[in-house]
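Listed next: structures, encoded as structure tokens.
What follows is a pair of complexes built around subunit A, which joins subunit B in one and subunit C in the other.
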Partner chain A sequence: MGFKLSREAFDAVLQSWTDDYVLFAPKRFEQGGIYSDTDCIRYGQVQAVDEIVFDSKSLYSFKEALLPVSETLFFFTEETVKEADPPKKGAIIFLRSCDLHGLKRLDEIYLRNGPEDAYYRRLRDRVQFVLMGCPHSFENCFCVSMGTNQATDYAISVDVEGDGFLVDCKSEAWAERITPRAEAELDVTPRHVTENAVTVNIPETLTIQVASSRIWDEYDNRCIDCGRCNFVCPTCTCFTMQDLFYTENGRVGERRRIWASCMVDGFTDVAGGGSYRKKNGERMRFKVLHKVYDFKVRTGSHMCVGCGRCDDVCPEYISFSNSVNKLDQAMKEVSGR
Partner chain B sequence: MTDNEYVPFLSKITEIIRHTDIEYTFRMTYDGDVKPGQFFEVSIPKYGEAPISVSGIGDGTVDLTIRKVGKVTNEVFEHTMGDHLFLRGPYGNGFDLDDYRGRELVVVAGGTGLSPVRGVVDHFARHPEEVKGMTLITGFKSPADILFFGDLARWKQSMEVILTVDCADDGDKPAACQIGLVTEHLPKVKLGDISRAVAIVVGPPAMMRFSVLGLLELGFAEKNIWISQERKMCCGIGKCGHCKIGDVYVCLDGPVFNYTKGRTLID
Partner chain C sequence: MDINTKKLKKNAFRVTKVRGMTASRIRVPGGHLDARYLGKIQEIAERFGNGTIHITSRQGFEIPGIPYEKMAEVNALLQPLIEGLDINQSEPGTGYPASGTRNITACIGNRVCPYACYDTTAFARRIEKAVFPNDLHFKIALTGCPNDCMKVRMHDFGIMGMTEPQFEPQRCVSCEACIDVCAKKSVTALKAVKYRPQRNEEKCIGCGECVLNCPNMAWTRSKEKYYRLTLMGRTGKKNPRLGEDFIKWGDEASIIKIILNTYDYVEKYIDRNAPGGKEHIGYIVDRTGFEEFKGWALKDVNLPAKARVFTPLYWQGIKY
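This part shows the complex of A and B:
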């Protein structure tokens, strides 16, 4: 069901949600940007519609609402463990089409790749998604190539229209709250882009043989293994566990998981000093092929959703989409041998 | 509450068997399904977790043979009989004994690699009629590093056992022990029909690579060779990503791989 809502009316709807939900949306953090004197748009809790940034891409994705950067798993003493309590409220997450597709990738890992993850499950069951329409493509986006430019599995969509909003609501309960506040009822299709300045071509013929191509070597020196590309990515899911103890001598503390990056030293370290993928080019190859090759072999769809955030954030101006576009040439190189 | 795989359970140490100064077997209480080649996460609050293979399966117990190498494993060695350790698991695919039944089986194990495969060897030592013939080639760095010495003598009664050390001074080497890398002993294996014979190779990466090459040279088919891989692991359940190689998660799809798959893995 579609509606036109004034800003005040939409804000009132949003307020009505806050009894049961915490709201996560892209918001502006002053002076937090990648360049000095720039703001950073990233996810945070919002209380009012004015806090939500509709006209820019967020540097970080929505994933931290479901997978906190650092999450307590349980509390321990020497001989007891107690699971950490879930948050008291559910969550409503504002996100764009690419990220809503990213959610399916998170589900794939956390709900289907091996046993279910209890922490993800308990949050996931209490989350509703608000799709933010895209009036135009942003820098570095290539969602059209990845087939993620349009999404339908939202509870409600929202597009800025003049001073108000256009909304498509799929939840009957929420439609009841919106109807009395709406200026008009009409058919609404969330805005989406149909072309991006950046396109990628993932060769049909891609095989793991491409690992031996020379294209990866250029990243040995260019990439500084900072891991930012992983942290901003909506579909990177890796973590490491860490034990925190409250006093040096005691055995009381908590086990947490924190985001990990396959680009950063230590990711593969085993006892005795062994490690795999020492060169940054090898790490780039591992990441790129995970995003556009082996995740698909395993699950049927590509992991990358074309949000372009890895390109937005890289301090060395390394372009992920460029590296994907080199795969065709790389396959020719390795099959010619 | 849903099943939470991350929350470990307490298990009691019922026995400790000392093999070397830094390698002990901890016999732990455990009731439930478990296969040789699977692993548990030994999970010690404050110190962290370490994946450890099941080296033996008893009635209500599992054996964990642990080498003391770092934070978690050092702490395990502070425990004695009657103490409890936190565990979670078992994880991984383990060995499928049906892959080897009715065949001639060769097991090549290097160092601690003997522990994940010990359950398989022990099973066929107790049920020799289930295989057409069996050879174990197991190598250690020096006589002081030999694991499961007691088992080796028992296994000898029902299979061919070749025990070898990389090097040793004359005198400190047990009589039944030979010298040289495991690969040097491969050609000694007597087999009826090599095209149907099966092999398991477990050990350090270089040892595995050369042993597999040796087996292929002897005429083993790729599909008749199994290997067990070790990688950095954190969750053990396909979530943390540390163990991933290409489209494979070692913790879920392995650690045991048929060589036709293992061969294609590029780290």
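This part shows the complex of A and C:
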């Protein structure tokens, strides 16, 4: 069911949800960029529709709403353990088509990859998704190549239309709140792009043999193993555990999980002093092949959703999409051996 | 030929070693200008000079080989530049007024450089508006961050950009990139305490390396801009020395007020018999004592609560 809504009316719909939900959307952090006098667009809690940034891609993805960067799992003291309370409210998350496909990857990892993750599940069950239409492609986007340029699993979609919004509603609960406020009812299809300036080609013939190609070597020096590409990625899901003991009393504390990155030092360290991937090229190889090879072998779809944030954020201008586009040549190189 | 050399110096010309020939000195406050002005400079050099231009050590241009009698014509051609660079001028068409206070120089700042904590050229221009024209010998320089590419510690007033890093623990991934970079490139003001960086506020110099190197924006810049003010550095024959820290976490308004106050102080205490009426401020401070200077400098200055004033100050440097 489609609607045309004024900005005020759409805001009123959002406000009507705020007793039960917090709103999580791309917003402008003024003076919040890493360089002085620059802003940053990334996800944060918003109070009103005016705070939501519709005309830029966020530097980081929506995933921090479902997978907090730092999440306390439980508190302990002596014989007692208490699970950390979930947030008081659910969340309404504004996100684009690529990210909504990213959500499927998160679900795959946390809900279907062995036993369900209870901490993810309890957040996931209380989230509604608002699809933000894409009137055009942004820099470094390659969603069309990844088949993630259109999404349908949303509660509502929203597209900026003049001073107001076009909304497609798939949820009865939303429709009840929208209908009395709408200017008009009409058919709405969320805007989506059908081509990107960047395309990627993942060879059909790709095998794990490609791991021995020399294409990875250039990243030994180019990459600075900062991990930004992982942290901005909507489909990177790795975490590490920290047991924190409070003050001098070593018997009280908490266990929390923290985002981890396969590009950052220490990720592959194991007991006894071993470390599997020491060179940055090896880490790049692992990441790239995880995104466009082995995840698909296991689950049937590529992990990468083509949002291009890894390319947007890399301080060394390393392009993930370009590294994927070298795979064809790399396969020729290794099959000739 | 009858030339008043005292007057021409105050009009930004120079007595050169070539008899009959002067050089025009063009100040560019903050060291940044629209490219179109280079055409004007070229025109003067080719029409009135010897066709060459010297890029000066204080971010200006010096056009040599100009006959003294052409000074008025050169001044007329300089007018669009003087207006474009927003130079305080007493009378239009008369060239640069005064040359005692030197061009206020700046590193490229945050218009280009990732490290810079502020727009150095814009701040330089605001100081320019506050202090010029002025015949007293003041050297002021601005640099975007504690790397001090502008070498502001060799100036009477050195202004170094600072940011106060803001830490959001919930965004920290414990990668320790900030701790590593602070130890390797800065002052080791960070250490890991329970998986997360703890900042030694006393030690931190506000360089922003932690912000630049944090991969998850757990560190961000303060909205407020802060500055370190260093004092009385100098080059020269007698006792060259580096400027000492006077204020850390200072603000723009206070710095401008301190500079203006120092002009009053110098008017009061300068040696009127100094050669050319010119005396480095530092030598005056050496004479009156730092406490006297400080009293004048901080008059009616309202520093932010965060500001730290270092006192008393002692300078080292080379003594002969």
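Assume the second predicted complex is superposed on the first by the 333 of 337 C-alpha atoms of A that agree within 3 Å, B and C clash if a C-alpha of one lies under 4 Å from a C-alpha of the other, contacts with A are read in each partner's own complex, and residues count from 1 in each chain.
As a convention for this text, a residue touches a chain if its C-beta (ideal position, glycine included) is under 8 Å from a C-beta of that chain, and two chains touch if they have at least 3 such contacts.
Small disclaimer: the values here were computed from a predicted structure and weren't measured.
**Q** Have a look at subunit B and subunit C on subunit A after the superposition and call it: clash or fit.
**A** fit
**Q** Applying the touch criterion given at the start, work out whether A:L289 contacts subunit B, subunit C, both or neither, answering first, second, both or neither.
**A** first
**Q** Based on the superposed arrangement, let me know which partner A:A260 touches: subunit B (first), subunit C (second), both, or neither?
**A** Both partners, subunit B and subunit C.
**Q** Who does A:D220 touch here: subunit B (first), subunit C (second), both, or neither?
**A** neither
**Q** Spot which of subunit B and subunit C makes contact with more residues of subunit A, would you?
**A** For subunit A, the partner with the higher number of touched residues is B.
**Q** When the two structures are overlaid on chain A, which partner does A:D11 contact: first (subunit B), second (subunit C), both, or neither?
**A** Touch status of A:D11: no partner.
**Q** Check the residue A:Y60 against both partner chains and state whether it touches subunit B (first), subunit C (second), both, or neither.
**A** second
**Q** Is A:D107 touching anything from subunit B or subunit C once the two structures are fitted on A? First, second, both or neither.
**A** neither
**Q** After lining up the shared chain so the two structures overlap, which partner does A:Q31 touch, if you call subunit B first and subunit C second: first, second, both or neither?
**A** After superposing on A, A:Q31 lies in contact with subunit C but is clear of subunit B.
**Q** Taking the superposition as given, does A:S70 touch the first partner, subunit B, the second, subunit C, both, or neither?
**A** second
**Q** To make sure I follow: the centres are taken over C-alpha atoms, the vertex is subunit A, the ends are subunit B and subunit C. What is that angle to the nearest 10 degrees?
**A** 110
**Q** If you've got the overlay open, could you tell me the nearest Cα approach between subunit B and subunit C in whole angstrom?
**A** 10
**Q** What part of subunit A is shared between its subunit B contacts and its subunit C contacts?
**A** 240, 242, 260
**Q** Quick check on the complex: what are the subunit A residues that touch subunit C?
**A** Against subunit C, subunit A makes touches at 29-32, 34-37, 40, 42, 60, 68-70, 226-228, 231, 240, 242, 244, 258-261, 264-265.
**Q** Tell me, which parts of subunit C touch subunit A in their complex?
**A** Against subunit A, the touching part of subunit C is residues 110, 114, 116-119, 161, 163, 169-175, 177, 194-195, 208, 211-217, 220-221, 223, 225.
**Q** Tell me, which parts of subunit A touch subunit B in their complex?
**A** Going through subunit A, the ones touching subunit B are 73-74, 76-79, 81, 83, 109-110, 113-119, 121-122, 208, 211, 237-243, 245, 251, 253, 255, 257, 260, 262, 267-272, 275-277, 282, 286, 289-290, 294-295, 297-298.
**Q** What does subunit B use to touch subunit A in their complex?
**A** 1-8, 10, 45-49, 69-70, 73, 84, 86, 230-232, 234-235, 237-242, 244, 246-247, 249, 251-252, 264, 266-267
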